[in-house]
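In the two assemblies presented below, chain A is common to both, partnered first by chain B and then by chain C.
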Partner chain A sequence: MTQFTQAATSRTPYIHLNDVAGTLEITGESYPEDVRRFYATLSEQLAVFFASKPTQLLVTIHLSYFNSGSARALMELLDQLDEAAARNTDISINWYCDPDDDITREFAEDIAMDIQTAKVNILETDDGKDG
Partner chain B sequence: MTAKTDKIAVDLQELITSDDHDRLAKAAIALLAKYQRQTRQLDRLIRLSDANAEKLVRTNERLATLTANLSRFVPKTVVDKLQAPDSPRIAHKERRELTVFFSDIVGFTGMTERMEPEDLASLLVDYFTEMTRVCERWGGTLDQFIGDAILIFFGAPESAGREEDAKKAVGMALEMQEKLATLRTKWIEDGHKMPLHVRMGISTGFATVGNFGSDRRMHYTAIGNAVNEAARIQGLCAPDSLLIGAGTYLQVRDSYVTKAQEEVRLRGQQQPVYLYEVEPHQLRHAPEFITGSGDGYRIFVDANAVSDSQDALNLLKEAIRRLERKDFPKPRKQAGNA
Partner chain C sequence: MEFERFFKFSQLLLRGEFVLSYSGYVSEDILEAVGDTLRQRLETHARDGRQVRNVFSIFVELMQNIIRYGVDGPQPGLRGAEKPSFGIVMVSENDGKMDVIAGNFVNHEEADMLKGKMTFLQTQTPDALRELYRERLRDMPDNTSKGASLGLIEIARRSTLPLSYEITPTGDGHYFFMIKATV
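And now, the complex of A and B:
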C-alpha cells in the first residue's frame, strides 16, 4: 500500500499519492530550499507504486508558481511517469493553469511535447477552482 | 536523464573501437536525441527563469505602487514599521509614553456656513497637505484627521526617547505655525477672505497604542489620557498659538522658550494643571541657542535675542570665575538643627 501525503508549506506544494484510487495530486507553490531532496521523496514513493504494476494513475498538477529548480524536477517526474506509461500503466496528467498564467501554460505545453506515452491534458482552472 | 546519457556515451566509446557500425550508428543517434532533448529542456528552464524574473519585476512594481497608495491612507511611520524586515507585525496594543499633538481650526463651523464649499475645500487641501509634510519631516505618526482637527503622536510605533519625542512634537508644531503664516499670505493673495487660524495643544503622558477595530478593519491609533489632554489643552489655546502641558514642558524647557500660564482645571480632571505657551518663531533661531541644565544650574542663551551682550557676558564671566574658585558662601546652619 502506497499512501503518501506531504502537507503544503509556504514554499512547497501539497502532495498526495493514493494507490487505491490511483491518483496523484500536486497543488500549491513550489520553491523548496532543497528541491532535489523534496522531489526525490516523491520519486521514491512513485517507484514503489509502479513496482506493484498498477493499471492506471490520474495525475493532477496545479502549481501557481514554481521556480527553475522545481521545473527541472517536474520534467524528471514526467519522464518517470512516461516510462511507467510505456510499461502499460494507463497514465493521464491533468495540468491546470490559471487563466492569466501564461508562464505555466507555455511551460506545460512545451514539456508535453517530449512525453511519448502518457496523456497530458493542459486545462484552465475555472474561476472558482481552488488551488 | 544524465545517467542515461552518460551510459550511451560510454557504450559509444566502446563501439567506436569495434567493427559493429550499425550499433555505433544507433548509439550515436540515441545520444544525439538525448542531447537535443536536454538542449530543449535547458531552453525551457531559461525561458521559465526569464519569465519568472519578469513576473517578479512586475510584482515589485505593483508592490511599490501599493505601498505608495497605502502611505496615503495609513501613517507613514506605520507603513515603514510594517515594511521593516525585523518587524513583521506591529504589536497589537501596548502602553506607551507618547507626546500627543492636537490642532483645530478656529471657527471652522462658521467658515463652512459662510464659505463656498469649493473655496473651503481648496483651503483645506493646502492646509492638510502642508501639515502632513511637516509631520512626516519630524517623524510623527499622523493618527487621523477628525473633521478639521489633526491628531499626531510621537513615541509609537517608533520612539526616539521621551525627551526627543517631546522636542520633535514641539518643533513640528512651531514649523507648522511658520508654514501656516506662509500659507495665509498665499491665501490672501489668492483672494480668500477667511484664511485659516489654528489652535495647537501638546501633552505628554501614557496611552494605549496599537491596532484598534475589528479583524477585518484595523486602525493604528492611540487612546488614553494624553490624547484627551492634548485636545483639551488645544481648546484653551489662543488662535495661532501653541500650548503644552506640564509633562511636555519638563522635556522641552531647556530647548524652547516658554511662558507659564495661569493654573487651569482641564475638563474631566480633578487637579488644576499648569500650561505653558511656546513662544513662536524659535525654529529659525534654534542653532543660536545655548542650553543646558543640571543640579544647581540652568543655562539658556538665545544669541539673536540678547539686547545687551555686555551684561550677559559679565554675568557669564562672573559665574565662570566663581565656579572655578568655588567662591560661594557656605549655607548657614539653621538654629536648632544638630
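And now, the complex of A and C:
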C-alpha cells in the first residue's frame, strides 16, 4: 500500500499514515460536516495497514479543538488501534493537549482508561496557543 | 419591514457588550462562516485562550443542535430544500464573562425531550457530567436522540455556570427553545 495523507481544512485535521516508518499523525481541528464519513476513510486505511501485520505504530494526536461528534469517532479510532495492539502490533499513542484545555485532557484520560493493550501517553504542549 | 423597526432591531444588537449574533437559517456552511467570524471577534474580546476555546466549542454544539433538532417553525421554509432549521445565536460579554444564547423552534415532542434533558443536566456536578459524557460516548447513537445529547453534555461541561433554558409555546403548535451557557 502507499502512504495516506489528508490535507487539513478549517474543519478537519491533517492526517498522515506512513506505513514504512510506522507512524500516524493527526493534527489540527476536528468538527467535520460529516464526521462518520471523514473518520471512516482513515479507519479503512488503517485496516489495510494492519492487514500487513506491521510490527509497530507510533500515533501522534494533537487536536487543538474537536467537537462532540469527533469525540465519538476518536474513541472508535482508539478502539481500532487497541484491537490491532492486541493482535500483533506494538502501538504507542502520544496525545498532546494544550495546558489550558482541561476538557480535552479529561477526554483523553477517559478514553485511555478503556484501552487495554496500546500504550497511551497524555502529554502537554509547550504553549496554550491554538496550532 | 419599516426602517423604524429595523433601526430598533439594530439598536438592540449593537450595544457595548455585544460580540456576535446570527439569526436565520442554520446550515453547516453557516456554522463555518459564523464560527470563523466569532473566532476573530473573540481574539479582541475574550480574557484568554481558555475562554475562546470554551465559547467556540459551545457555539459549535449549539449550532449543530439547531441543525439537528430545529424545525422551520412559523418562518417560510425553503421549497424543495432539506429541512430548514431557523435559529438565533448570540454571544455577549458581561463583566468579563461571555454569555452564549441560542434559540430555535422545536415541535412538541422535542420540547418535552429537551425539557427532560435540560432539567437533568442542570443538577449535575462537573464530575457527574464527565462520567455522563463517558457513558454516552459508549452508547450507540439511536434515531430518536439524534446525536445522543452528547452535545448538550459538552455545553454543560464547558459552561462555568449551570445552563439555563426556557421553552415558550409560540401558539401555532411550535415551541421556542432558548438555552444559555456562560463562560
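Just so it is clear, the second predicted complex is superposed on the first by the 126 of 131 C-alpha atoms of A that agree within 3 Å, B and C clash if a C-alpha of one lies under 4 Å from a C-alpha of the other, contacts with A are read in each partner's own complex, and residues count from 1 in each chain.
The definition used in the following text is that contacts are C-beta pairs under 8 Å (C-beta built on N, C-alpha and C of every residue); 3 or more make two chains touch, one makes a residue touch a chain.
On a predicted model such as this, the values are computed, not experimentally measured, just so you know.
Q: Could you check whether chain B and chain C clash or fit when both are placed on chain A?
A: Aligned through their shared chain, the two binders clash on chain A.
Q: Pick one for A:D110: touches chain B only (first), chain C only (second), both, or neither.
A: In the superposition, A:D110 contacts both chain B and chain C.
Q: Does chain B (first) or chain C (second) touch A:N67, or do both, or does neither?
A: A:N67 contacts both chain B and chain C.
Q: Let me test your reading of the model: by the given contact rule, A:E33 touches which partner, first (chain B), second (chain C), both or neither?
A: In the superposition, A:E33 touches chain C alone.
Q: Give the label of whichever partner, chain B or chain C, reaches more residues of chain A.
A: Greater contact footprint in residues on chain A: C.
Q: After superposition on the shared chain, which partner residues are touched by A:D100: those of chain B (first), chain C (second), both, or neither?
A: second
Q: In the superposed arrangement, does A:S10 touch chain B (first), chain C (second), both or neither?
A: Second partner only, chain C.
Q: For A:M75, using the defined touch cut-off, is the partner it touches chain B, chain C, both, or neither? Pick first, second, both or neither.
A: Touch partners of A:M75: chain B and chain C.
Q: Superposition on A: which chain C stretch among 1-9, 73-81, 109-117 or 127-135 collides with chain B?
A: 127-135
Q: Check chain A for residues that touch chain B in one structure and chain C in the other, and list them.
A: Common interface on chain A, chain B vs chain C: 65, 67-68, 71-72, 75, 103, 106-107, 110.
Q: What residues on chain B touch chain A, complex-wise?
A: Touch residues, chain B against chain A: 1, 37, 40-41, 44-45, 47-49, 51-52, 55.
Q: Please output the residues of chain C touching chain A within their complex, sorted ascending.
A: 28, 32, 36, 48-50, 52-53, 56-57, 60-61, 64, 130, 133-134, 137-138, 141, 147, 150-151, 153-154, 157-158
Q: Contact residues on chain A for chain C in the complex?
A: Residue list for chain A touching chain C: 10-11, 31, 33, 65, 67-69, 71-72, 75, 98, 100-101, 103, 106-107, 110, 128-130.
Q: State the interface residues of chain A toward chain B in the complex, per the touch definition above.
A: Against chain B, the touching part of chain A is residues 65, 67-68, 71-72, 75-76, 79, 102-103, 106-107, 110-111, 113-114.
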